[in-house]
């Protein structure tokens, strides 16, 4: 049972050591400047971020679905998905919801021109190679739109490499819809079919569906055989959406989802995001539904 | 980042003044602190106090034991933005709340005899029972480093994160021998929140629980652990009820003690 | 001035003292009709709470009567319990407790002399305000206070509410290296401390509250200035054994206050504390303590409570000097001399008294066969002083009015507050004291 | 690998000699029968025969709490050296320790190598010492009762002498520097050593039946055992703190004084209530039963599936230090459904 014959210089390692573009110490952030910030909806803000080091800024590569750790030393550090596409170089974006200590600080005290710390990119990201050439069904619930927006932007930038793209996106109320105008113009241009739903309209003007997002699935035409589904949302969303997709004929290995767990280190050391021996930060956050089903606790059934 | 000096008040309700004294015990930082904070109301230390102005931060120590305490507390709450509870009395009730099942009149008679009629006294309860607090700093008394961390974080526009894990964490980190395992004592470490550096077990004394309970303590298992070692309810209770009696009583400690010793 | 003109002077919330109290004075013409010090600190009924508790819990509870006196309460409670149980702690344990007590004295006196009283004499509203004009003095006072805390930290495990003290011994004995460096720090503080004697001597002390006063203090257990002993002495020459303290000291409740007052059995009020100790035993001081005593009290102790600050400075010097001495004694002791004393639980009564920063502190416990508290009684220095505080306030008002019939209320208030502060009252201590059962 | 012999009397001088490779840490008796791992100067204090120290050697690699990143004033955040112990010799490592070290290496040096761990690891010299099991040791049944790698030197006590195994070049350096103390091992030494191994094998009284355990655990996820255990566990984290293979940590920011900010890292335990809480308050393992189960599954199910070995080395520390007397071996036997 023992793994034999290693000394520190070549101690038993599982996979080849790697290094993050943000530095040799994976826990040490690289300074990055907030170039712009604007509210997407009242409690979600979009930050344009550029590394202070120009070489790093221009050379920063990542995949849609990956995330970074944003740090303000003394306040905290937290993982945030990348809602922009790696095809757009120089700067990247973060879409952040006010949720606690760090995010409060970001909303209350961080302004354009301020410097924050970033480490990453982290996680596996969406398997874009696999998705290439296929039709895509993107399903988002709430803040799940943030990582999917990165994938969407990627697909639009490389539009000819992908087949039909359908986006189903549910929000709580009309004023909670992220990227509303951008999505509308995508739909107008015919780049993607976009269907929106809200749980309730609260008296605000609304032309989309009122109801739960899963119902949107009944209204669209997709061919599960040529389509990959990518789903992103909170635990309740997964609870209903994933089985619905299976019923609709999607293979469980053709459904991808992105998971959220508590993460401290983001590089598969601290244990917080581990489910069994799968580290959500390192081996995820993107999993197929089949993987997720085989990991106890990963999605709440 | 906020760049004006925050206005600060420091108040004591009924208590031993230990938490205010701990602030004075930050000798190295004190002078600088008084420069960074605009302390406008602190009766224990200053003669000229503004009792009416708005406060950015207010620290309150002690339990509410008189109507006067309660009025003072509500007044402070109304005039401050960030209210910080200082110490176990304010957060959990501490010693003054230890035996609240005894009516106040009985206690008063026991101590003041016939002269008790003039006393303004209500059941002692933690300040946190009456008004919402933004920050709770437990400890009997508070730990200096936690107070400083809290103030520094507030000055920097954020909140300090205080440990939530039990004292056993710090106890093991300092490689103490466990008072329960090796000595069969009633140690409150597993149900008490850390931050003190496991001071008591590090001195060879079982934890008395002065920082108050962790979130969701396993009350039953703690009790069983002591009972299994042949310790009586009375002996368990006398240790557990010292600092956060209201919490344990609610969980059933009182009934058990009464069952074993109805005379109490 | 209209002889029937009545006025009241009220200080609704005394500042710069520990705890919550106020002053209420009613003057009709030039006669002071009423002088009350109200204590409205909430009552915590410690003695009633102690009833039925196991003796091992007592110190952890009683220490919380008051933070600034926590070491004193702990040590006194332990001594009383040990007497009840017949435990004789080893020499090193007694030395360490004395050292702890000296640390508490250093901290308490440094805080009181420099941060609470000196601003009065120098005309500042607080030590914070004073620090702008006298930064070096304030910084030094803080260092000194820190040194007192360091002693308590090392021996008690914490600056407030010590955890390391047990019946018969200690949880963990301080390491010799730490005792050594503590001794060096104490020695190093002595010279600069002597330097403050001149500042203190230069501050004029008004005499308006002065009047003949009776003083009470413990007779030192050795023929030297010491803070513990088993005999209680008055400046009139009476001597009582400590366990008969009740024959000397009587307590009674008063309408205007949550605190009980004490008086002698004869009904006279008296003073305990630094000034009382110096009055009775100042001649036993040696070394730098003696030097300071002679410079600050060239004619010996004269009746005037406002001199208590000077007395505290003398004791501060004594405490630092004696602390270093004790460290040395401790270092010379064999390593195994500090093992906790063994004992059997038994029923009994124990009384202990100590001279703590504010005066004589009494603890009495009666235990049953299981070691549970049948009754407890604690008499704090502040409770003993309260009657005298009111007596001196009356005197202060009378002589201030006599000297200056149109004296402004503001001045009167300040005068009253100065008298109260001179006693270094500890309000938390003064409530919830007393016999139970 | 090289085998030598050293006389028992040479031990103090040998430990003295180890000081040239760094601060020597060894088990020291704190109270009768209770040992701590301490830096020693006085070599007579070393008690390599002690079975378990309260904390294992993992504290030599990552301190229970240390600063990772710090910032002063307006300077950019920089790496802190707070965790660094400098050259360190761990004297008195047992087979379970060395096997645990292997697991730590695997975790920390893979993927994105952990800077802080690596620094101390590179400066660590491991000198093992043979042991004799008590009633809480069950390494034999986990296959961790022996080692043939990852240490530098290993001292196997025999009658009046040690059989010394030299594993690494650093181990060889040590031997060369104290050449006078070592002789080549004889056939008798080897025979005695093997004989001792055999006797030691028989001396184990506690064993954990790991056959098919991962599969059984998988099947018994909802076994009432876990509920019962959840009722008994205090979630005090003692077992994880003392476990040589528990590696979870937390990162906490603080501003200790004006103009200084720090990110601290401290050992954590999956048993603590907040371990899997995410922003917004959702707790992925809200009940004690779920958290306890997680710890046991991690040790004997998930890790085995991933690496073909459990992440428990059978040292018995958690058995010794659990205040409520939970015993890993009993737990697994209960799940399996056999009396133990």
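Every chain is named by a letter (A, B, C and D) in the order it is written, and numbering of its residues begins at 1.
The working rule: a residue touches a chain if its C-beta (ideal position, glycine included) is under 8 Å from a C-beta of that chain, and two chains touch if they have at least 3 such contacts.
Treat the numbers as computed from the prediction; the structure is a model and nothing was measured.
> If you average the Cα atoms of each chain, whose average lands nearest the overall Cα average?
Per-chain C-alpha centroids compared to the overall one single out B.
> So, what's the distance in Å between the C-alpha centres of chain C and chain A?
It comes to 65 Å between the two C-alpha centres.
> When the C-alpha atoms of chain A and chain D are each averaged to a single point, how far apart are the two points in Å?
Computed value for the inter-centroid distance: 37 Å.
> Quick one: report the Å distance separating chain B from chain C, using the average Cα coordinate of each chain.
25
> Go ahead and note the Å separation of the Cα centroids belonging to chain A and chain B.
Going by mean C-alpha positions, chain A sits 43 Å from chain B.
> Where in chain D do residues touch two or more of the other chains?
253-255, 261, 268, in rising order.
> Considering chain A alone, which of its residues make contact with at least two other chains?
74-76
> Which positions in chain B are in touch with at least two other chains?
Only 153, 156, 158, 161 qualify.
> Which two-chain combinations qualify as touching?
Final set of chain pairs in contact is A-B, A-D, B-C, B-D.
> Give the list of chain B residues in touch with chain A in this complex.
1, 153, 156-159, 161
> Going by the contact rule set out above, which residues of chain D touch chain A in the complex?
68-71, 76-79, 99, 102, 105-116, 121-122, 124, 143, 147-150, 167-168, 221, 247-251, 253-255, 261-263, 268, 270, 275-280, 282, 284-285, 290, 297-298, 301-303, 305-309
> What residues on chain A touch chain D, complex-wise?
1-8, 11-15, 17-20, 24-29, 31, 71, 73-78, 99-100, 103, 115, 117, 235, 260-262, 264-265, 267-272, 274, 276-278, 282, 296-297
> Along chain B, where are the residues that touch chain C in the complex?
12-19, 21-22, 24-25, 27-28, 30-31, 34, 39, 43-49, 62-66, 68-69, 94-96, 98-99, 102, 106-108, 110-116, 118-121, 124, 140-141, 199-200, 202-205, 208, 210, 235, 238-239, 242, 264
> Going by the contact rule at the top, pick out the chain B residues touching chain D in the complex.
29, 32, 36, 145, 148-149, 152-153, 155-156, 158, 160-161, 163-166, 168-169, 171-173, 175-178, 180-182, 187, 189-191, 214-216, 218, 220-222, 224-225, 228
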